[in-house]
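Sharing a structure here in structure tokens format.
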Amino acid sequence: MKDENKAIDDAVDPSRRAFMGVAAGVTAAVVAPGVLLHAVSAAPRSEAVTADVRWGLLIDTAKCVDGCSACVTACDQENGLDLQSKPEGQPPLKWESQKAAWIRKVKLQDNQTGRVTTLPMMCQHCEHPPCVDVCPTGASFKRADGIVMVDRHLCIGCRYCMMACPYKARSFIHEEMHGQLTAVPRGKGCVESCNLCVHRRDFGEPSTACVDACAAEGHQAIVFGDLKDPASPISQLLKEMPSRQIREDLSLNTGVRYSGV
Amino acid sequence: MAFLTNFYVFLFYFAALVLVTGLIFKIAQYTMTPAPLKIPTTPAPTTTHGVVLRMTREVVLFESLFRGNKWTWIFGWMFHFGLLLVTLRHLRYFMEPVWFPIQLVQPFGIYGGMAMIVGLGGLWARRFLVDRVRYISSPSDHLILALLILIGCSGLLMKFVFHTDVVEIKAFFLGLYSYDIQPLPADPLLLLHLFLVAVLMIVFPYSKLLHAPGLFFSPTRNQADNPREVRHLAPWAKQLEQK
Amino acid sequence: VQTVQAEDVKRYVVEGSRAAGLESCVEPTERMRRQHMEFIKHQRIATVHEGIRTEKYSLSGCVDCHISYDQERVPRPINDPDQFCGACHAFAAIDLNCFDCHAAVPNGARLDATAIAAHRAAGVGPLVQSRRDGEDR
Amino acid sequence: MKRIVYREWRIPPARYWGILGILAAVAGTAVLAFGYMEHTGHWVTGMNNSVVWGTPHVFAVFLIIAASGALNIASIGTVFHKPIYKPLGRLSGLLAVALLMGGLLVLVMDLGRPERLIVAMTHYNFSSIFAWNIFLYTGFMVIVIAYLWTMADRQGGPFNHPVGILAFLWRLALTTGTGAIFGFLVARQAYDAAILAPMFVIMSFAYGLAVFMLVLMFTFRDEGRPIGPKIMRRLKNLLGVFVAGVLYFTLVYHLTNLYGAKHDDLEHWLLLSGGIYTFLFWIGWVLIGGLLPLGILYHPELSKDRNWIVAACALVILGGLATLYVIIIGSQAYPIQMFPGQTILESGFLDGVNGQPGPYNPTIPEVLLGLGGVAVASIITVVGVRVLQFLPESLADDVVPIDEETLSEEAFAKPA
Amino acid sequence: MAKATFVVPELTQYTEVPAVTSGAMAHSLPFVSKPEFQEPLGFPGELVDDWQAKAIDKMDDLLGKYRSLRVYLDSCVKCGACTDKCHYYLGTSDPKNMPVGRQDLMRKVYRRYFTLAGRFFPKLVGAEDFTKEVLDDWYSYFHQCSQCRRCSVFCPYGIDTAEISMAAREIMDSIGVGQKYCNEIIAKVYKIGNNLGLPGPALADTLEGLEEDVFDDTGVKVRFPIDEEGAEILLVTPSADFFAEPHVDGLIGYGKVFHEAGISWTLSSHASEAANFGMFIGSYENMRRVSQRIREAAIKLKVKRIIFGECGHAWRVAYSFLNTLAGPWDFLDPRYPVPQHICEFTHDLIQRGKLTFDKSENDDKVLTYHDSCNVARASRMGDVPGGQFDIPRDIIRAVCNHFYDMDEDTIRDRTFCCGGGGGLLTDDLMELRVKGAKPRLDALNNVIQEKGVTHMAAICAICKTQFSKVLPYYGMEMDQIISLHQLVGDAIVLTPGPDDDAEDDDLDDEDDLNEE
């Protein structure tokens, strides 16, 4: 039986390797640019993450542009959120309130001064995350490197974490999913939220999708980095400019900071 | 390996033969023996329809036992219900394609297995702890419990600790239908499990396990309470009449 | 529904998959047949909680190696009842819900327009596009 | 003291199976509703990413706290030495278990991944009050069953009092725990109140007693067993006290919220401009669940009429559901205040743009699921009283024990 | 109080399950039957030579005839649910009095001779040869079962130890080991027509006396006819009703009810016994022979209906077996079930408002009711299951003001046997009878203490005899047990018949004379 299986289709084989991103045969070179970039530069992590780093974002609302939503689109693409489709028969407005969103654009007006600010909101990666405290199964957890995420193998879909999150950062998958990305599995009945592009973290990439997109748009409103490393750009910037956490009163020590609100 | 496989092939053909012929013989014997008098334990249903309902309650809920002894009922029911689930789950080894309800029952079968062990444990404990039950227990009563517990534990160990090759097992049993011998994985736990199962099959028609068919033939439970309306006469009693 | 005769239940490795051309799985086959669920379950904890991505038991690794393709070179979802995971699990009546969430075909990041054009030019268009699980087909 | 005789509920089989059939039908539709929600996903419900807990949770929480309240009757008898309540103890225990089962079932059926229930039972996060509640609930079940045993079995007699006390304490912990599910949600303003936990306790007393009285009166009337005016008067007065208690805590709750300026806006919204929530607060919570029943229960004439007492109990239950609707759903609908002093003009998500509440409209499957929980609780109760000796044969005045605070211990040593 | 050669147990508030005491009742056995009582029944006079082989043959024969026996011997799983259900175990703590213990006496023999496992591995399954010791055990313990069927209620397979006891007694009879009490009585029935051996003329005398007594009491002429051809109803009642207290008060009650119903009735001297002891010895043939007498009497007297008086075992045979043993009854009035119980008859009249009662006549009593086991668990009254519980209670409530049930677990189909049923109502078994009555009397004592009950009504001749005998052992009065129809008779308001006046005058005259 084995022998039969050995009869492989030679023509297919090399290109299949290309997807693996291991070998760079002739075909692979042709296919390469789009596909391989990401994979080749990746050095998959082989040791457990440690608390030596703490990932965070700094958002300079002054640079964030009204009308721009590049970061949102990028996140949707990166994490396959745009693969969600409205179930047939669901009114669009209701669907809006039900589909998952990891990052959203918010426009604020100060009641006193009338000043308008726009900023992106995502999971704030709290140091003392209420969502983790309340989760009955421990599915909601904080990785050693500060990323707060949901282990969807444990999540029972109780939505208590959503009740607890002060930032409405979490979404529940209300419908069946198809065509998920390999890197971002997703399925009905679990809760999820921004995980600071965790697959990028583990493959050693330098930034997140939203940061890249903002930079690509030329706004540079979001900076990603290690909050524990005093030399990292984010730490430098935080030292330079005044910033704050949203809902500071809750003392959650968020990993996402805002300046200019 | 080949020897093992052949041994088990023989064992299961033999066990199945004993089980089936033994049961058929016993059931035929029960069917053929008349119940000359109406002896339902009253209050009893007065119609056949009612008898079916009563019997269903006895078989499914162990109603009389519930009234008789709550502890025994809890453990006994746990064991039997667990056994039922386990049996349903096991049907996957014997059919291809697997029926949809059997697919659905798979995960519950595992809990059934655990419930079965707990139930059996409770039943066994009672044979030591309650003096009256200790008095009526003979070695065979203990052995059957031990046998079932061993079967259950070996099964659960296979499920949770020492996995075996389920697919090959299924191939083995499907092969038995068409005398097409497939190798049996030589995992010791599996061999133990299967050996004990064969023993169970062999003793079934010759032991108190006959209670399962017996219940259906018990006149105190399966008769309708209508002696004044319908004259009930056994064949041998009819002969007396002609004298 | 596929009826498997007793003699051909032995191997599930699908023709046309990369595995079909290899000697053995990431562990000896006998071991894989008994233990694969333990391996991947262990892997998933390591990956999700500790960020370890190099272990050999990655689920996406299984999919990559065991996936097969139809005539159009489009990969067939691995949990289809006639595919590697799906066939065996249907035979053994084990619910395989991993692919509720996980991609059942290799499905990498999205390509941009230029890359797609390049692939077309190279004649591997359908193959590559299909990585979106038919999304762009 | 006369021995109290307990007897199975011996209504005619046709009626018994009829009742069971109806209940099973309700439970069956709930199963269908569950299957539907489970199969299609939660998008068919009214729940969304802003209002994440909906109607099923209203029913579930109601049933759970009513469970704890139902046990109150047994506690009064055992722990507080009011012998007049002793004959009611068994039914009280049974109802507690039944209601809890019903409530939990609804909760489980609403999970996004109900098939992972086993995960919830094998993985615990002990910083989660939810995880603690799993222990509180299962523990409650075990303790109440033990408690029932001490009430029903002669050998259990000596343990009756200690187990009763344990059950009593456990019950308080359980209601507090249920209340704390909300109490710990610092994110949501409405829940940010220490008074919530005691308020849940008094609510549980009221709802549990109302359910208990309805069941008691129904089962007794159906089989023609007598309930004397003495015990009826006691029960209805007790209900009155609890209902008044709920109203009192409501008042305090809103006063403290108004006092702390930080919740002004919330109070304004809820009490005046919250639309359906304002309506449910005033009409459901305050009027139907509070003032009307109080009026009936303390009315010199009406309060003597059994039908009016039934009506009062029903109103308390309806009002209770409204109360929980306001507490659970209203508080989610009210937008989270993330940016004090700022108004949200636009958002990619329902963030309370211009202070809008989150959208939520209950759908039929949700309601069916909730009713299914009620049906399951009823089925357990009906089957329970039918097959076991839960109901006293009579509660006529000459049978129920005299209620003397000072009755000697001996009276309790031998439970009937 | 009767003097006892054994320790009478203390009544307790609840019947506790005693710890097992092996052999506690091994000494208890009834007198062995003499050849003269054996032979009329068709049994050998004394133990036959090859008794062992004969017994096994007989067992084989019965296994082929009775499915109950076969299934029950196979099915028991030793679950133990029945172990604490038998009143004899509860009263004596002898494990062989646990129903399953009793069955095992036969089961071990069955296994030894009829099953593979028992033939090859006797030790393993507890099989034993049928030795003399085993036979002695049989004789002792199968005469410690009152065939009350309480065990069968709780057994998950409905295993009825009574069936096994009957089979065992039949096997023993067939090898010449019979019990004197039963077999002597059956012989008497064949010879004379009733258990007590009261010949026809004596009966007629007694009944005449009764008529006079009733007339003296009430001033109404209530008839107690015997052997009256063409009567509507044939009443078959236990012979104890003819003279013994409290039975006879029941008979008076029946007479008054018939009188009020205005339906003609008669007793029969040929079938002057309702109880059928053939059942106790498990002998289908003898049971049939006894039953046939009723058929013969009914045909001879040309009655249209048959009604049975108060007797538990009699009612079982009548209700459940009579149609089988002596049917078909197509010559009787098809509008009425055959046979009917006197309670069904009375109840029906009450329902239709045909009877008037003065309940206060019974105000001196606070009642409870003992469900006789063979009525409760082996037969029925009325047309719905459970009628045998409700009909007697309805009657009591209709004629008395004060009625309380005993503990729920000891009434209805869970009722405890009086301790004297099943052919054990003989003085040679007094110890067993006293001890076996304990569970019932515990419950009775409870309602006496708590509700002030003074009397217990019953509808079984054996119960009444047994209680009047054993109540004194426990410090109660023998007259605390009464017939249900005594209550009816006491409360019933009689309508004077057409011929009463004349005699009334006579009576007045007599009275006048007496006064003077």
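A, B, C, D and E label the chains in the order they appear, each numbered from 1.
What we mean here is this: a residue touches a chain if its C-beta (ideal position, glycine included) is under 8 Å from a C-beta of that chain, and two chains touch if they have at least 3 such contacts.
Predicted model, so just to flag it, every value in this text is computed and none were measured.
Chemist: Going by average Cα coordinates, which chain is farthest removed from chain C?
Modeler: The most remote chain is E.
Chemist: So which one's got more C-beta contacts, B-E or D-E?
Modeler: If we tally the C-beta pairs in contact for B-E and D-E, the bigger total goes to B-E.
Chemist: Taking each chain's centre as the mean position of its Cα atoms, how many Å separate chain B from chain C?
Modeler: Spacing between the chain centres: roughly 42 Å.
Chemist: How many angstrom between the C-alpha centroids of chain E and chain A?
Modeler: 86
Chemist: Could you put a whole-Å number on the gap between the CA centroids of chain D and chain E?
Modeler: 54
Chemist: So which bits of chain B are touching at least two other chains?
Modeler: 107 - these are the residues of chain B that touch more than one other chain.
Chemist: Note the residues in chain D that touch 2 or more other chains, in rising order.
Modeler: Correct list: empty.
Chemist: Name the residues of chain E that each touch 2 or more other chains.
Modeler: Touching at least two other chains: none.
Chemist: For chain E, which residues count as touching chain B in their complex?
Modeler: Interface residues on chain E, with respect to chain B: 17, 19-20, 22, 63-68, 70-72, 74-85, 95, 98, 100-101, 104, 115-117, 123-126, 149, 152-160, 163, 284-285, 288, 319-324, 327-328, 337-339, 376-380, 383-386, 388-389, 413-414.
Chemist: In the complex formed with chain E, which residues of chain D make contact?
Modeler: Those in contact with chain E are residues 2-3, 5-8, 154, 389.
Chemist: Along chain D, where are the residues that touch chain A in the complex?
Modeler: Residue list for chain D touching chain A: 40-43, 47-50, 52-53, 111-114, 116-117, 119-120, 123-125, 127-131, 134, 181, 184-188, 332, 336, 338-339, 341-351, 358-359.
Chemist: Can you list the residues on chain B that touch chain C in the complex?
Modeler: It comes out as residues 92, 96-98, 102-103, 106-107, 163-168, 170-171, 174-175, 178, 180, 182.
Chemist: Residue numbers of chain A touching chain C in their complex, please.
Modeler: 1-2, 4-9, 12-13, 15-16, 19-20, 27, 30-31, 33-35, 38-39, 44-49, 77-78, 83, 141, 143-145, 149, 151-153, 176-183, 185-188, 190, 198, 201-203
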